[in-house]
Amino acid sequence: MARKPILGLFEDPNYAAEAGDALQRANILPQDYDFLTDAPYPEGAFGERHEKHRLYVFPFIGALIGLTVGIILTSMTQLAYPLTQGGKPILSLPPMAVVTYESTMLSAIIFTIIGILFESRLPKIKKGLYDTRITEGYIGVLVNVDEEQLNQVSGILTQAGAVDVVQET
Amino acid sequence: MAAGEHSHEGMWVFPAPEAVTQDMAEKAEAMPKAIARALAVTGILFALGIAGFVMRALDDGFGAHGPWGYYAAIFMFLFMVTGAAPLAAVAFRFTKSHWRRPLSRVSELFALLGVLNVIMFIPLMIVLPSIKNPEVGVEELEIRRSIWFETPIGAPLAWDFLGLLFLAICSLAILWLSAMPDMAEGRLTATGFRRKLYSLLAGRWYGTKRQWILHKVGLGLLGAFYFMLLVFVQFTVASDYAMSLVAGWKDSIFPPLFTLTSFQSSLGLILVTLFIMRRWGGYEQYIGVSPFWSASKILLGLTLLWAYHTFAFLITFWYGRLEIEQNVLKYFFFEAYGGAFAANLFFSFILPFLILLWNPVRKTDWGPTLAGLSALCGAFIFNLKTFVGAFNAGDVYAIFFEFIPGPTWPDLWDVFMVVGGLGAAAFIYLAATRLFPILSVWETKEGAKYQKMDTLVRGRYLVLAKPE
Amino acid sequence: MQEGRVLPSRQINADLLRSILNSPKWFWISVAFLAFFVLAAFSTAGFLINRGYGVTGLNNQVLWGFFITNFVFWIGISHAGVMLSAILRLSKAEWRRPATRAAEVLTVFSLMTAMLMPLIHTGRPWRTLYWIYTLPFVPYDFARGIWPNVRSPLVWDPSAVYTYLTSSILFVIIALLPDFAVLRDRTTGLSHRIYSVLAMGWQGNARQWKLQIIAGVLLSALILPVFVSVHSIVSWDFGMAVSIKSWHSTIFAPYFVVGAVHSGVSAVVFVMILLRWAYGWQDYIRLEHIDALGRLLVVVATGWFYFFVMEILFGFYGMESDELAVRNMQFMEQPWNILMFFFVGLTYFLPVGLWLTRSWRRNLWLMSIACISVNIGMWLERFLIFVPAQARKQVFTFNWYTYAPSIVEIMIIVGTFAMVTMLMLLLSRVVPLIPLYDIKEGDILKTQVQIGRRTVPATFRED
């Protein structure tokens, strides 16, 4: 059966949280509704589900790749262009450490950025149901339900104090 | 349990202000068996240290500085760690960090060891070779390189000694002023000699508004003064007893590195003390995980800075390739004391870094403590390597450090002096905990007003208030 | 530390997007004025490249003059961004909120400007293109078996600066996503389409916010070590040189980093004061923020002074005649000693004197004077480290030299200041320089604690 989104807009965060409670009571699964806000609330402020992520893996992978590339790049470059300079050995570790450190950090940061986008599920080509009032401070409760539940959910949202309930046209 | 509450479990504790005074008084007066045993053991070590010192003096006298390398190293270690320890209270009070409250007194009590530092410094004054060369030989300098150049009145000894003395006085003043409100309460609750001592030290403290304002300003001023004085004294003493004893060693990052190592190791020592109090001292209702968690981030920063400063030194000397630079590197870092440097690097950087890298580990009491203990070991090796090395680096009046000697291993008296120094410090600190409440009562009570759990929409979160 | 009132989202949007949605009349006039200097600087650089280095004041001994001084100065300014946003984010300082974006953007532009300096300084900037690109497939020099010399600090330098630049740009973009979404919702036509692409479909759900917050902290923690490395490596451009006395000092790396933070944070404070005045952001950039930054600057300045004293003292420590000649020039010979006097006074004593009093820290005129003073002083610092050392690098006195900049160098230097200001202004036309969501989050987390009759401002904390 087709699932459709429905969005309730709330002025008061407490009403939005109440809508969440009411949805839970109506056996709507936590992964089927989301709270959309224009600023971060502390985690659990709306009684929403706990979001799991693996962002911390990304910088580690990035750092390992950067470290490897750094070591290979600096050692191969020195070996390819064996220029004796000031009595230093051809394979000089301290200068290698400097460049390798930078490549490690750069790669770790780039992977972190990729991780942030991936874990945030961005970029999102199709934005889905949304209302510009959310970035004006309204709290959106976005619910994805079976088509026949739309009326019931609309009622729940309105009852909880939604100033407006929006559906896809 | 509401959302958010679980993440605070054990992290922040909210002690009941009414019960703190009585509980602290009882804890200070009690003499648990473990403390008594620890006092006995540390007392024996202390006595061994004195014996080692006497035997060293009898065997070698005070004419040459070489045999006193290990004594200098243990003095510098104690001075480094205990001198910087009171700064934790000062610094985190300055930043108004609530998590500092359980560690304030723990850190300030180290002020009492300032007296030990001053006493231990006296023999080192005698053994330090004079800046002016008494008998100028071939290829020798008339005046050895030092931060005092042409030796202004009494330099370096008088200035170093005065610095240490003022430092001890200043830290004791901080302890006295900080503990004054607690001692004023102790006048009423304590018994015996403690009651007399508290009455004497608390003076006319009644906790009037004016007194509290002066108390705050006084602690701020003394703290700022102590910080600046400490950095200065560390610079003079460390330069005089390490760098200027190695002919031609010119290293501007050495004083900052010494100071940084002192910050790192003293924070480590405070965490170790806090951990012991929390786990075995019965202070769990006063010490949550938050001091460990917050301090761990600072410890991680200091650990990274330590590695950074060390690398900045190494790469400059490595790159310069002057003979003196090569010799300093070979002596202190890669050949004679290469093993010690490797251990120093492992304990001061690698191990704490690997521990503190992990967020879940930082959020425990044991993780930061382990890292702190490691930093403490690292600082110990740092001092052994640096000062034993510097005291045995050959002719101090030579133009430059030309011949690299081997490492100097400790003899029995050196071992006695090293363990004795550690024992003395632990003995004094343990004894102090029987005199003063080891938890700052007024800061704990003050903190109770500014911290609570509250509800935001559906979640329960910590609320921290900051006056001004 | 929360003197401001809680504002509704709509008003925050209106206020902070004013620079974008209703740009003031003076905007284009100011941009045109600054563009004139930038064009003049680029023309002068063209003239310099065409005529060669004879048109500068550089000579056989002093090869690194105004351009390299300016390079280090702008690298230093760039340290403000991460210092402020990363350290304050990690320490959860509430007063960071209005300062982070401006600081990060200043980082990006000052780094870009800084990199122009060595490019111009090479005299043949097109040669640098060969490093990365040449027809048909391989870079010019690589094809001839010539590779970058990893043992040279001049190779470490670009690796650090480009790492920092790339990281800073990505950091700014990630933090901008929620604000792009606000702009997407407030614009129409082409702007709407552009902001829609930039916002990447941001909705503001709990997961996205959670990741955004973690990203701020994680990226801060990752960029901090890079920021420290950048100025350290810049300092090693000098510190690795043994032949030039006074440069080969082990303290150079932390000394440069602290100095950079000092000048960078001062620059950010000045930019914040300007933004407050230009866009009427009194409700956002409040006196309490400037006050807190002033207190932070006292600590940074004193740290810097400590490293400065160490650097000078250990310069004399060795009592080597060739290094003493450099110090003699710095401290005893005119006009260098006068410059030295102004440098120390302007970098430390004047500003710290002004920052010690609360009421002075909250006086924006005095704060502006102090911050400008620091930056004049820090520019002089670099000049005084680089030039006298080169002027006295030879053993024989008949080879000693001096340096005076030519008008060509002065024009280019002035142009860089105009360029950074112009780029900041232009960016304020398309991107909010105060992060909207950060301000809104601050308002959400604001609360109060009642103690007796006193209401004390407080904050909700997640840990």
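Here are some notes:
Should a chain be cited, it is by its letter among A, B and C, assigned in written order, with residues numbered from 1 in that chain.
Quick note on the criterion: contacts are C-beta pairs under 8 Å (C-beta built on N, C-alpha and C of every residue); 3 or more make two chains touch, one makes a residue touch a chain.
This is a predicted model, so every value here is computed, not measured.
Geometrically, the chain at the heart of the complex, using CA-atom means, is C.
Using the average of C-alpha coordinates as each chain's centre, A ends up farthest from subunit B. Chain centres here are Cα means. That of subunit A falls 43 Å from that of subunit B. Centroids of subunit A and subunit C (each the mean of its C-alpha atoms) stand 30 Å apart.
For the pair subunit B and subunit C, the distance between C-alpha centroids works out to 35 Å. Multi-chain contact residues of subunit C (touching two or more other chains): 225, 444-445, 460, 462. Across the assembly, subunit B contributes residues 4, 315, 319, 321, 456, 461 that each touch 2 or more other chains.
Looking at subunit A, residues 41-43, 46, 56, 88, 98 sit in touch with two or more other chains. By the touch rule above, subunit B contacts subunit C in their complex via residues 4, 7-8, 11, 145-147, 149, 231, 235, 248, 250-256, 293, 297, 304, 308-309, 312-313, 315-317, 319-322, 449-450, 452, 454, 456, 461-468. Put simply, subunit A touches subunit B in their complex at residues 13-14, 16-17, 20, 41-47, 56, 86-88, 94, 97-98. The touching residues of subunit A, when paired with subunit C in their complex, are 34-43, 46, 48-49, 51, 53, 55-56, 59, 74, 77-78, 80-81, 83, 85, 88, 92, 95-96, 98-99, 101-103, 105-106, 108-110, 112-113, 116-117, 119-128, 130, 132, 134-137, 140, 142. Within the complex formed with subunit B, the residues of subunit C that make contact are 1, 90, 225, 228, 232, 236, 239-240, 242, 248-254, 306-307, 310-311, 313-319, 444-445, 447-449, 451, 456-463.
Note for the complex: subunit B touches subunit A at residues 2-4, 311, 314-315, 318-319, 321, 359, 456-459, 461.
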